[in-house]
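Common to both upcoming complexes is chain A, partnered first by chain B, then by chain C.
After this line comes the complex of A and B, so read on.
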C-alpha cells in the first residue's frame, strides 16, 4: 500500500511540475523569439506606435487600446447583470426557479464563442448599425455586449457559490430582526462574500481579455485607434489571428511575439492579483 | 488557435459508395487511396470542394481535406510540408519560390471586383473615386451620388491574394484607410457586404451573386465575360502550389484540375479556365 501511496504522490508531483514548466517555457519561448525586438530597443516603441506596415511601423498600441476597451466595457455590462442574476438565484427568486436558472447558466458556460460571434453578426451588428447610424455596427460596443454575455456565466456561478457560503445563522438573524430580502443581500451577503465577488470579477476580466473569436468576428478589426465605442477596433488576440499568416521572416510576424508577451503579462498580472487577494489577511464579518 | 481551422472551412467527405459508372477524367483515381490536404486561397475553395466531392464519390478510399486561410497561409503551409497543395490567388514571390522550391500550377483566371450592397444606388465609380474611397478621402456615399451615410470600407488581411491583386491593380498600391474593417475570407467579405447597406469591399468575381452588387469601374462591370475578354483589368491567376515536383495523389489531383472535367468545374464556379 505504501508503494502505491508514494507512486501516486510522485505522479501528482510530476504533473504539477510539468504544468508549471510548460507555462514558464511558453513565456521563455516568446521572449527568445521576440528577442530581436528587445535587443534593438524596439519593444517599448512598439507599445506606443500605430500599426502602419506599409510605412515600416509595426506598433501594437491600437490593439492594446482595443483589448482594454472591449474587455473593460464588457465587464461594466456584465457585472451588474451577473450580480443581479446570482442574487436572484440565491436569495430573491423562488427556490425552484433559481435552481432552473442556475442550470441554464451552467449550460451557457459550454457554448463555444464562435456561436456567440455568429449570432452577433446577424442579430446584434445590424441593430447597432441602424440604431446609432455610425459606422458598420462592427464596433467596440457590439463586441463588448457579446463579451458580457460570454463572461456573465463565469461570474454568476462564482458569485452565487460565494453567496451560498454565507453561514445560515447570519441569514436567520436578518429574518429575526425583520429585515427584508434586499436588506439581507445589501448588508449581510454582499459584505460577507466581497472577496468572492472581486475574485470572480477579476477572473471574468481575464477571460474577456483572452477571447479571440468574438473580437475577430464582431469588432471589425480596424487598426485605427478608436475615438468612440462605435468605432471598429482590433484586439491583441484578433491581431495575432490575422497576422499569423504573414511571412515568418517579416518584421510583422516578429511583432506578434510582442503581442503574445503583452497578453501573457496581462493575464499573469490578473491571476497574481487574484492570488494575492486570496492571501490577504483581512476577513469581513 | 490555428487560423485555418478557426475559419470553419474544414470539409471532409467520406463516401463508401463507388459510383464508377460515369467516370470520365476521374479514371485517374482508379485504385488510389490516401489523404490529400489542401489549404490557402479562399477564392479557390468552391472549385476545390466540387473536385473533392467528385473524386471522393468516385473512390471512397481517398480523403480530401480542404481548409482556407488565405494565399499567404497556403504558400507557407505547403512550404513547410503541412499540406500537400497550397493554393494562392497571387503568384508566389521569387523569394517564396526559392525558399520552399515551389512548383506552381495556374489553372484559372479570376477577376477581383468591387462590390456594394444590392440596395446601394451607386453602381459605377471611376478609378480615382475608388482610390479616394479606400484611402478615406471620400467618406460619405452622398458625395458620389448615394444616400447621406458614411461609407464603411471592408478589406482583407495581408495574407490575402485577393487583397494583393486589388491593391496593386485597382488602388495602384494606394493607401487603405486604418478605419477599414477587416474580414478573413472571400465568403466573409460577401456576407459582410450583403448585410451592411453602406458597405464597400472587393471579392473574387466567382463569388459575385445576387446577394452583392458589382460596381463598374471606369465603365466596365466586373463580370466573367468582361474578365475573359480582357476588358476588365483587375484579374489574377489562381495557383495551386506544391513543394517540389508533385507525385502520387497530389499529381493526380492537379492533373484532374487541368483535365476537361476539372476545367469545366472552374468555369461553372465563375472562373476562366486556362485550357
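After this line comes the complex of A and C, so read on.
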C-alpha cells in the first residue's frame, strides 16, 4: 500500500518535471538544429539582412518587420475597441445588454482562427481591394484588421476582469458624490486598473505576434520589405509555416530555427514582463 | 467644459465599440452560414460513397469531408490521451506537493510554455520527427503520432493550470476534514479534493479538446496533408478539418471545392462551439453548486 502511494506520488512529480523539460527541450532543439547560424555572428547578420535566395542571402529582416507591423497595427485597432467594449460590459452599457455582450465575447474566443482567415479571404480582402484599388487586397491592413478581431476577445475579458476588481466602496463613493457612469469609469475605474490594462495589452501583443494563420492566409506572404500598409508582407510565423525545404542542411532551412528562436525569446520576454507585474490572469482570483 | 465633452464622448464611444464588435461577429458567422448552409448534406461528408460503407471502412471516401472529420477526431483523441494524464498529474503536483522556490520555478516554465506560439511547437515536432528519422529509424516521418504529441505539448500548460487552480481554490475546511479523520494525503486527493474540483478540471479538459480540434499551425508542420484518406495507423499521414479549410482557401480548383470549404468551416465551427458550450455549462454548474447548494 505504502509502495503504491509512493509510486503514484512519484508519477505526479515525473509528470511535472516532464512538462518542464518540454519547455527547455523546445528551445534546446531549435538552438542545436540552428547551431551553425551562431558561428561567427551570422545569427545577428540574419536579423538585418534581406531575403535574397538568388544571392545566397537568407536574412529574416523583412519577416521581423512584417511581424512587428501586422501585430502593432492590429493592436492599434484592437486596443480602443477592447477598452470601449469592456467599459460597456462593466459599467456604461445597460446591465442585461452588457451580460449578453460578455457571453458573445466569451463565445468568440472559441471560434477557430482558420475560420477568421477563411472568411477574411472571401469577405474582407475583396472589400479592401475595391476600396483602395491597390494590389490584391492581401496586405498588412487586411491582416491587422482580422488580427484585431482575433485578439479583442482575450483583451476585453481581461480588461473587464480587472475593471471588476475595483473595490465596491470606491464605486459607491462615486455614486454618493452624484457622479455618473462615465465619470466613474474615467476617474476611478481606469486609473485604478491601469496595471491590469497594461498587462492585458502586453498579453495581447504576445498573442498577436504568435498567430500564424491570419498572417499566412491574409497578408500575402511577399518577402520584400513593405512600404505601406497596403503592401503584402510575411511574418516570422508564416515564414516557418511556408518553407518546405528539401535539404535539411541548407542555410535556407536553418533560418526557420532563427525565426523560431526569435519568437520563443520574444514570447518568453512577454511572459516574464507580465509576471513581473504579478498579474497573470489565474493568479488574481 | 473639456471634461464634459470627454464624459459624453466616452459613453458614445463604448456604444460604438460594442456595436462594431457585434457587427463584425455577426458578419463573420452570418456570411459563413449564408454561403455554406446550403452545402451541408450527406454528399458533402461522404461524397459518392454510401455512408454505411464509409462508416465501416468498407470503401474509401474520395470527395467528401469524412476522412478529414475522422482525422480530426483521431488527432484529438490521441493528443488528449497523451496530455490528460501528464497534465492532471502535474497539476496535482503543483497544487498539493510543490512549495516555495521550486513551485515558482515550475510555474514560470509552465507560463513560458503556455506563451510559446503554436507554430514554434509545430517546428519542434517537425524537428523531432527529422531527428528520429535521421538517428533512429528511417521509417519515421511527420505523421499522426508526431502531430498528436506536439498538440499535447501545446495544451499541457492549460491542463496543468486549470487542474492546479481548481484544486487550490477549494476552501480550507474541505481540505482539512479527511486528514483529520485519519485519511492519507493521497486518499484525501483522490476521494475528496479531485471530486470536489472535478467540474473545473473537466471544463479545462474540454477547452483543451477544443484547442486541439481548431489548431492548424501545429499540424501543418507535423504531418497533415490535403489528401490521405482515412488514417491507417498512427505512423501515416492524415487529413484534418482545419487544414482542409486552409488548403481550400489557398488553392481551390472549382466552385464545388470552394463550397465544400464553407461546409467544412461550418462543421468545425459547430464542433468548437459545442465543446465551448459544454465547458461553459459545466463551469456554470460548478459555481451554481458552490454558491447555492453547499
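Quick note on the criterion: the second predicted complex is superposed on the first by the 258 of 285 C-alpha atoms of A that agree within 3 Å, B and C clash if a C-alpha of one lies under 4 Å from a C-alpha of the other, contacts with A are read in each partner's own complex, and residues count from 1 in each chain.
In the analysis below, contacts are C-beta pairs under 8 Å (C-beta built on N, C-alpha and C of every residue); 3 or more make two chains touch, one makes a residue touch a chain.
What you see is a predicted model; the values in this text were computed from it and never measured.
Per the definitions stated earlier, placing chain B and chain C onto a shared chain A by superposition produces a clash between them. Contact with chain B, but none with chain C, is seen for A:53 once the two complexes are overlaid on the shared chain. Residue contacts after overlaying the shared chain place A:119 against chain C, while chain B stays out of touching range. In the superposed model, A:212 lies in contact with both chain B and chain C. Once chain A of one complex is fitted onto chain A of the other, the partner contacts of A:80 are limited to chain C, with no touch recorded for chain B. Contacts of A:136 after superposition: chain B is touched, whereas chain C is not reached. Once the two complexes are overlaid on the shared chain, A:127 sits clear of chain B and of chain C alike. Counting the residues of chain A that each partner touches, chain B and chain C differ, and the larger count belongs to C. Of the two partner chains, chain C is the only one that A:25 touches; chain B does not reach it.
Residue contacts after overlaying the shared chain place A:265 against neither chain B nor chain C.
In the superposed model, A:173 makes contact with neither chain B nor chain C.
Comparing 62-70, 152-160 or 260-268 from chain B against chain C in the aligned model shows that the clashing stretch is 62-70. The residues of chain A shared by its contacts with chain B and with chain C are 114, 121-122, 212-213, 216, 240-241, 248. For chain C in complex with chain A, the residues that touch the partner chain are 6-8, 10-11, 13-18, 20-22, 24-25, 27-28, 31-32, 35, 85-87, 89-90, 92-94, 96-98, 106, 108-124, 127-128, 130-131, 153, 156-157, 160-161, 165, 169, 184, 186, 210, 213-214, 216-217, 220-221, 242, 245-246, 248-250, 261, 265, 268-269, 272-273, 275-276, 280. On the chain A side of its complex with chain B, the touching residues are 50-54, 62, 114, 121-122, 125-126, 129, 133-138, 212-213, 216, 220-224, 231-232, 234, 240-248, 252.
Contact residues on chain B toward chain A in their complex (touch as defined above): 1-3, 6, 8, 69-70, 72-73, 76, 96, 149-150, 152, 154, 157-159, 175, 177-184, 191-192, 195-196, 198-199. Those residues of chain A that touch chain C in the complex are listed here as 5, 8-9, 11-16, 18-20, 22-26, 29-30, 33, 80-85, 87-88, 92-93, 97, 101, 104-119, 121-123, 149, 152, 156, 180-183, 185-186, 206, 209-213, 216-217, 237, 240-241, 248, 256-257, 260, 263-264, 267-268, 270-271, 275, 280, 282, 285.
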